[in-house]
Amino acid sequence: MTKYIEDSTLVRVRFSESDAMGVVWHGNYLKYFEDGRERLGDQFGLSYLNIAEAGYVAPIVHVDVKYLSPITFGQEVKVICRLIDSKAAKIIHEYEIWNNSTNQISCKGRTEQVFLDDKSRSLELTYPEFYMDWKSKLPWKTL
Amino acid sequence: MTKYIEDSTLVRVRFSESDAMGVVWHGNYLKYFEDGRERLGDQFGLSYLNIAEAGYVAPIVHVDVKYLSPITFGQEVKVICRLIDSKAAKIIHEYEIWNNSTNQISCKGRTEQVFLDDKSRSLELTYPEFYMDWKSKLPWKTL
Amino acid sequence: MTKYIEDSTLVRVRFSESDAMGVVWHGNYLKYFEDGRERLGDQFGLSYLNIAEAGYVAPIVHVDVKYLSPITFGQEVKVICRLIDSKAAKIIHEYEIWNNSTNQISCKGRTEQVFLDDKSRSLELTYPEFYMDWKSKLPWKTL
Amino acid sequence: MTKYIEDSTLVRVRFSESDAMGVVWHGNYLKYFEDGRERLGDQFGLSYLNIAEAGYVAPIVHVDVKYLSPITFGQEVKVICRLIDSKAAKIIHEYEIWNNSTNQISCKGRTEQVFLDDKSRSLELTYPEFYMDWKSKLPWKTL
């Protein structure tokens, strides 16, 4: 049983994000993931700035992306982003990028972040207190 | 026993590749992977253009990246790129990004590409002939 | 007396668009200009794809940008984009980027595009017919 | 009579730097300018980090670029960067981007930077002392 929260956002594909094959360059999907992550944080009240104010940074330590169908310039994509509950002191997100122009799924992804103390840069082995507080108030769904 | 070929290239980290935390933004590592892949292709005589001329495209279908230590602006990185032999009709590369300023490994990655017919966009289930020819002449090492 | 049409669009600044100084990297403003140009084209019925279908490309030949105040991650910007009427066979846009979080203007810019025949790549010295038609129906304002 | 110092560097065009028209996206030239500027700073002993250590930041306040011919993926470009002496308290660079594959000039550009006090963010109306020292030792040429 997986607990999660989810939100989605729309992104317009930029001309500069296409590559010489006329489709979105694979590395640019990580920007769309970031858009989804930001949106989820906005909706549920947690941002990069909150993390910084609490004295932590939360770098990405693992990215996994499966590409299923291409996206071209001018198409609109829907980014579905889920925060997945985890026992380990990690922030785990899963993503689906849907091509709204074709109704096809374009990509599935996953990112993992850890907490580092902003000063010592040492890895936090348990969740920081501010994050546990935030997590405890979330309207989790189960999958 | 894994057969592979390997090469490495140096990349200077651009100011524009750092993010607001002062380190290379995680998505930009995919550009360094691409630099490594290009370099390997140059050394062994296969490029994106050769693939196009043979009537194929080879999109990336899977990316996996583990981030181990950050890189900052002005540091020089070494990209080690290995082409891994595969039975399946895939182009599989593995990468190591080393931070030359600190002698630390910064990241490990893996990409998978498939062959599509350029016109029909259908998936090739076996390696195209031009690619088999190229592969057969490589000075494979074993791991 | 300058004739123009104008529209504006909102853009959320991405984390990856900041640089190591914590502000939007100066080159990324050209992406916001592109967002403004796309939006204006959407509103008035002209896109990159229309130009391509008519047998032309319209590359940018001149960019001029003045930076007035910085923008940081998470801030929202308003892109005002104006198409300026021109006797010469050029597409001329002017831009203002406003920082909505501070109500300060962040940047002013200008781009010029020319028409090239898509096949011969020769410069068009007069406006293509499809573009003259489109221009003639615009609800021009005067400045 | 203009006093200047000059250096050049080679840049390999990345796949991800091309756009859907198959040529380098116009905004990416600003990365090549930055490569040229960095290289010039390396050769003559001034870097972004030196400026930071002296207590200043030197943001770009004006960019002007004229695009003369396109560059495609895989081509190599030569970036010529000149620091132009100036009475005003500005860092002024001029750039030429040459396409080594075609021996054509691809673009001409100019950037202006000012000095801000890193803490107060106030504009320096005269050159900081560390910069005057550096300038006074340069092997200026005249144009």
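As written, the chains take the letters A, B, C and D, and residue 1 is the first residue of each chain.
Note that in this section a residue touches a chain if its C-beta (ideal position, glycine included) is under 8 Å from a C-beta of that chain, and two chains touch if they have at least 3 such contacts.
The model shown is predicted, which means the values in this text are computed figures rather than measured ones.
A.B. asks: As a multiple of 5 degrees, what angle does the CA superposition of subunit A onto its copy subunit B give?
C.D. replies: The C-alpha superposition of subunit A onto subunit B needs 180 degrees.
A.B. asks: Name the chain whose C-alpha centroid is most distant from the C-alpha centroid of subunit B.
C.D. replies: Using the mean of the C-alpha atoms as each chain's centre, the farthest one from subunit B is C.
A.B. asks: Centroid of subunit C to centroid of subunit D, CA atoms only: how many Å?
C.D. replies: Each chain's C-alpha centroid was found; their separation is 24 Å.
A.B. asks: Measure off the straight-line distance from the CA centroid of subunit B to the CA centroid of subunit C, and report it in whole Å.
C.D. replies: Distance between chain centres: 35 Å.
A.B. asks: How many angstrom lie between the CA centroids of subunit A and subunit C, rounded to a whole number?
C.D. replies: Here subunit A and subunit C have centroids separated by 30 Å.
A.B. asks: What positions in subunit B touch 2 or more of the other chains?
C.D. replies: 15-16, 27-28, 30-31, 34, 73
A.B. asks: Provide the residue numbers of subunit B that touch subunit D in the complex, in ascending order.
C.D. replies: 12, 14-16, 30-31, 34-35, 38, 47-49, 73-74
A.B. asks: Applying the document's contact rule, which stretches of subunit B touch subunit C when the two form their complex?
C.D. replies: Those in contact with subunit C are residues 15-16, 18-20, 22, 25, 27-28, 72-73.
A.B. asks: Quick check: in the complex, which residue numbers of subunit B touch subunit A?
C.D. replies: Touch residues, subunit B against subunit A: 21, 23, 26-28, 30-31, 34, 57, 59-68, 70.
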